[in-house]
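Next up: the structures, one after another.
After this come two complexes, each holding chain A, first together with chain B and then together with chain C.
Let's look at the complex of A and B:
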C-alpha cells in the first residue's frame, strides 16, 4: 500500500452505520487499484505531493459566517463537510434525507469511477460520514454553501445525490469557500429527469486545502443541464465533471472560468457523453494563469455508437500572464457515430498588445487597460449564466478580483 | 453466386496489388530473441565491436520494459520469441552492383513499381531497396557521390562510415526511448543512411522501399539522415508486404538530424498489408520517427499517407532545438475494415522563435478506429513560439470510430498555440451535387476524400501524390453502401 493510501485509509469500516457494505466496496477497490501517480494518464499533470506531505487532524467544530446571495432560496450549509442546516425545516418541493443504503448499493460504481483514476471516488465511498439525498420538485432555488474554516486540517468526504423530478426546475448555486489546509473530497450525483431544467453555478475560492470533487450528472430525455463554474484557484483543486446525456432531445452545457495565481494548481476534467442521438452539447472553458499558477483542462466529448444526430462543440481559450505560469490542455474527441458533428478549438496566447495600446491612447493607465482586457476575456463564459441576478453577482466578483 | 473464383481473386488483388509473395529462398536465423541472436545478426553484418555492445545494451534495457498500452489500440499479445529477427534472400556473395542482384528480386521491385533498374534513369530518383532484413541495392550511388552525398544501406554505412554512424545513431531516438525503439536498437538489420554535406542541395530525391516477404519475420530497419549546415534533402519512403493470415511485426526507427539552416523533407506512403475484411492478418506497424532541428533556422517536414497496416502506432516528431527552427507534420491516415491507427506527432519547442504546423486528416471506414494523438510542448525558455494545429476526421459508415487526443503544454507566456479539430461525415449536399453531375457514389466519395486530403497531398512529391491518391481510392473501395 502506498504512503498516501495508508494515510487516508486508516479508519476501519464502521459496521453500525448501515453503509458498511458500500464502505467495504470503496475500501476494497481502493486497495485493489491504489492512488494515481504521474503515470496515470488522467493525473499526469496533477501530482499529489501536497497531499502526501500533509498530516491530517480530527475535525474540530467551527462556524464560518455565510455571505449573502443574489437570489432567495433554500440554503444548505455544509461546515467542514457536515450539514449544519435542519433538514426538517425545508419548504415544499425540497426534501433532504440521508441516502438509503439500498439506493446507494444499487448503483454500479465500476464504470463510473474506473480504476486508479477514480481513486478519490472510491475513497469517498469508503469513508463518507454523511450522504444526503436531495429531492426537488417544482421550481426551486437551492444554495449549497460549503465552508472550511481557518482551523480546518482534517479530511472530509461529503456525499450528495440530487434528484430533480420530471418537469421540475432547479437553480443550484454551489458556493465553496476554503480558508483551511485539509482535504475535502466531495462526490455529487445529479439526476435530471425528463424535461427538467437545471441551472448550476459553481463559485469556488480555495486557500490551502486540497479540494477534490466529482460531479456526475445524468440528463434524461428533453432535459436541460447547464453549469457555469467560476473557480478562483486554490493550492490544489481537482474537479471531475461528467455530464451523461442519456435521452433524446436533451442538452448539456458547460462554461468555466479559472483564475490562477502563485502556488495554485487547478485541474478540471470534464466529459460530455452523448449516450443517445438527437442530443446537443457545448462547452467553453477559459484559464487566466498568472504568477506560478498551473492550469489543467482535459475536456472530452464522447459520442457513443448509434447516437446519430448528436452535435457537440468544445472551445477553450487561455491566457498565460506570467513567465512562471503553465497551462496544459487536452481537448479530446471520441466519436463512434457517423451522422454527428463534433469539434473543438483550443488556443493559448497573451493579451492583445494592440488593444492595450488603444486603451492607453484613450487615457487609461496600463493597469486599468490590462484589467479591462482581462475582464473582457474572462467574462465571456460567465455571460452564459441565464438568471440575470446570478450572472451580475458572478461578474461583480470577477470585477473585484481583476 | 455467379462470380468465379478468379473474379473474386481479381477483386482482392486489386484491393491490395502488392500482396503477392516472391518465391525466393531465404537465409533465416532461428526464431527467438536472446543475446546470442543479437550477436549473430551483428556478425552477419560484420559490424564493429562497439555496435554489438550498443545493441546488447539496448536489449538488456528492453528486457526491463513493458509493451505500451496507452494508445487507443487493441494490440493482441505478441510472442517476441516466435519471430525470426533476421531473414535475407539467399545470395552467394554480396552483390557489387544491381546487375548481380537476383533477377527475382529485381522483378519483385519492378512489379511494385519501384524504379531500380533502367527505369530509374527516367524517374530520376535514387532508391535503396530493402527486402526483409537486407538492402538489395541502392541506385545512383556514383552520381550522388560526385555531389558528396552519401546514400547507402545502414550495413554499408557501418562498414564505410562507422564514425559518422557512431556519432549520430541513437542521438535522436535513444534506446531507452520506448519499448519498440529499444527492440529495434537491439535487432535492427538494415535501413538507409543519408549524409548531406555542408551547403549541398541533394541533386535528386532519395527513396527507400521496404518489402517484407518471408513468413514469421519482423522487419526492423533503422534510418538515419544527417543534413549538415545549409544542406537540403527530400527523402521518400514506401512499403508493402504479402497478404498473409498471420500478423507480422514492423518496428522501425527513423532519426533525422538537421544542423544549422539545413532542411529535411521526409515523405512516407505506407501501404503495408492491412489484413482482410475480417481483420485477419496484416502488419503491426510500430514505428518511432523523430527529427532533431539541432541548428538555428533548420527545418524538418514530415508528410505521411497511411493506408496500410492492421495496427499503426506512429508519431513522427520534431524537436525544435535551434532558434527560429521549424517543424511540420502533414498526415493522411485512412483506416478501413478492422484496421486500427493511433498516429500523430509531437512538436517539442525548445528554441526561441521556433514554429510548427500540424495538418492531420483522418478517414475512418468499415469497422476501423482511427485516432490522432499529438503533443505540442512549449518549454519554459522558448520565447515567441508559434504553433498551428488542425486535425479533421471524416467518418464513413456507422461502425467506425474517429478520435482526437491532442496534448498542449505551454510553459512560456509568449507562446501562441492554436488547435482546432472537427469530426463529421461526408456532407450530404456535397455527395448530392457530385451525383447530380453524373458521378456514382463511390466516385463521389473518392472525389470528396481527395479534396479533404488536398492540403496534405500538395506537400508530397508529385509521383508520390499520384500514388497516394490512387491508394486512397482503392482503400476506400467497398466502404460506401
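Let's look at the complex of A and C:
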C-alpha cells in the first residue's frame, strides 16, 4: 500500500453502522488499485503532493456562520462533512434520511469509479461516516451549505444521494466554503427521473483544504439537468462531474467558471455521456488563471453506440493573465453512433490590449478596464443560470472578486 | 485648446508622423484629410495615448497641459475623446454599464459627483433617439453584433454622453450610408457650442458637406503639407491626393 493510502486509511471506520460491506468493498478496491500518480492519464496534470505532505487530525467541533442566499429554500448545512441541520423538520416534498445499506449495496460502482483513476470514489465508499439520501418531489429549492472551519485539519468523506422524482423540479445550490487545511472528499449522486428538471448551481471558495468531489448525475427520459459551477479556486481542487443522459428527450448542460491565482490548482474533469439517442447536451467552461495558478479541464463527450440523433457542443475559452499561470485543456470526443452532431472548440488567450485601450480612452483606469474586461469574459457562462435571483447573486460575487 | 508642435511618432520603430504641427482653437472644427497611410489614424491614437505609439520628439499641449505625459484615462478625464475608426467589440460587457462606468470614472477623476442610474438613462436615451438608435442596444454587449453603422453611431452616443472638450473623429464617416452620415453629422453639430473643439479625420470630403470646418489640413507623409478653408476639401475631392503623394515622396 502506498504511503498516501496508509495515511488516509489509518482511522478505522465505524463497523456498527450497517455499511460494513460497502466500506469493505471500497477498502478492498482501493488497496487493489492504489492512488493515481503522474502516470495515471486522468491525473496527469494534478499531482497529489500537497496531500502526501499533509498530516490529518481528528475533526474538532466547530461552527461556521452561514451567509444568506438569494432564494428561499431548505438549507442543509454540513460542517466538516457532518450534517448539522435537523432532517426531521423538513417541509413536504423534501425528505432526508440515511441511505439504506441495501440501496448502496445494489449499485455497481466498478464501471462508475473504474480503477486507480477513481481512487477517491473508492476511498469515499471505504470511509464515509454519514451517507444521506435526499428525496425530492414537487417544486423545491435546496441549499447544500458545506463549510470547513479554520480549525479543520481532518479528512472527511461525505456522501449524498439525491433522487428527484418524476416531474419534480429542483433548484439546488451547493455553497461550499473552506477556511481550513484538511481533506474533503465528497461523493454525490443525483438521479433526475423522467421529465424532472434540475437547476444546479455550485459556488465554491476553497482555501488550503484539498477539495475532492465527484458528482455523478443520471438524467432520465425527457428530463433536464443544468449545472453552473462558479469555482473561485483553492490550494488543490479536483471535481469529476459526470452527466449520463439515459433517456430520449433528455437534456444535459454544464457551464463552468474557474478563477485562479497564486498557489492554486483546480482540475475539472467533466463527462457528458449520451447513452441513448434523441438527446441534447451543451458545455461551456472558462478559466481565468492569474499568478501561479494552474487550471485543468478535461471535457469529454461520449456518445454511445445506438445513440443516433444525439447533439452535443463543448466550448472552452480561457484567459492566461500572467506569465506563470498555466491552463491545460483537453476536449475529448468519443463517438460510436453515426447520425449525431458533436462539436468542440477550445481557445487559450490573453486579454486584448486593443479592448483595454478602448476602455481607457473612455476614462476607465487600467485597473477598472481590466476588471471590466475580465468580468465580461468570466460572466458569459454564468449568464446561463436560469433563475434571475441566483444569476445576479453569482454575478455579484464575481464582480466582488474581480 | 490643442497645440501640436513638430510631432514625431513611431510605431514598432517605424516613424509615421514626421514633424506634424497643428493648432486647434477653442470651439473650432478642423478637418484633417489625406491619403491612406499618411498617418491620420496615428494622429488620433497618439492624441488618445495608445501605448505602442511612441512620441519620439515634439510636443502636444492640450488646455495648457502636456498631453504626452498623461495616461489614456487621464486624457479622457481632461476632456479628450477619440471616436475610433474601428470601434472595439467587448463581449460580455453591457453597453449601458460600460458607458456609465466610463462617465463616472471621468467624473470621479475630476472630483465631480457621480451620475445615478436614472439621470444617466435620461442622458443616454436622448442621444440614442437623436441618432435613431434602438434602446435595445444599451442592453447588448459593447459593439458586439452591431452593424458597421451602429458602431459608428454608438461612438457618437458615447461622445454626446461624455461631453469632451476635444473630440477626435477618426474616419467616423467611413462605411456609413448617406442617411447615417447625416445623422452622425447632426450629432456632431449638436455638440458644437462654440467651446468644444473637433478634429475630424476623414478620407473624403462628403462629411464636410454637413460640418462646415473652420480649417482643412492635408496630411501627407506624416506632416501637414497644406492648410486652408473648406474650399481645400472640395479641391482635394476633384483633384485627388496623387499630386501630394508625389510631392512628399
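Note that the second predicted complex is superposed on the first by the 399 of 402 C-alpha atoms of A that agree within 3 Å, B and C clash if a C-alpha of one lies under 4 Å from a C-alpha of the other, contacts with A are read in each partner's own complex, and residues count from 1 in each chain.
Assume a residue touches a chain if its C-beta (ideal position, glycine included) is under 8 Å from a C-beta of that chain, and two chains touch if they have at least 3 such contacts.
These numbers come from a predicted model, not from an experiment.
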On the A-aligned overlay, A:100 touches which partner chain: chain B = first, chain C = second, or both, or neither?
neither
Touching partner for A:338 - first (chain B), second (chain C), both, neither:
first
Tell me which partner A:379 touches in the superposition: chain B (first), chain C (second), both or neither.
second
So, A:368: does it touch chain B (first), chain C (second), both, or neither?
second
Looking at the overlay, does A:358 come into contact with chain B only (first), chain C only (second), both, or neither?
second
Between chain B (first) and chain C (second), which does A:21 come into contact with in this model arrangement: first, second, both, or neither?
neither
Of chain B and chain C, which one contacts the greater number of residues in chain A?
B
So, A:57: does it touch chain B (first), chain C (second), both, or neither?
neither
In the complex, go through chain C and note every residue touching chain A.
48-51, 71-73, 75-77, 81-82, 84, 87-93, 98-99, 101-103, 105-106, 109, 141, 158, 162
Quick one: in the complex, what on chain A touches chain B?
41, 45, 305-306, 308, 318, 320-323, 325-350
Where on chain B does chain A make contact in their complex?
70, 380, 393, 395-425
Which residues of chain A touch chain C in the complex?
352-355, 357-366, 368-369, 372-373, 375-380
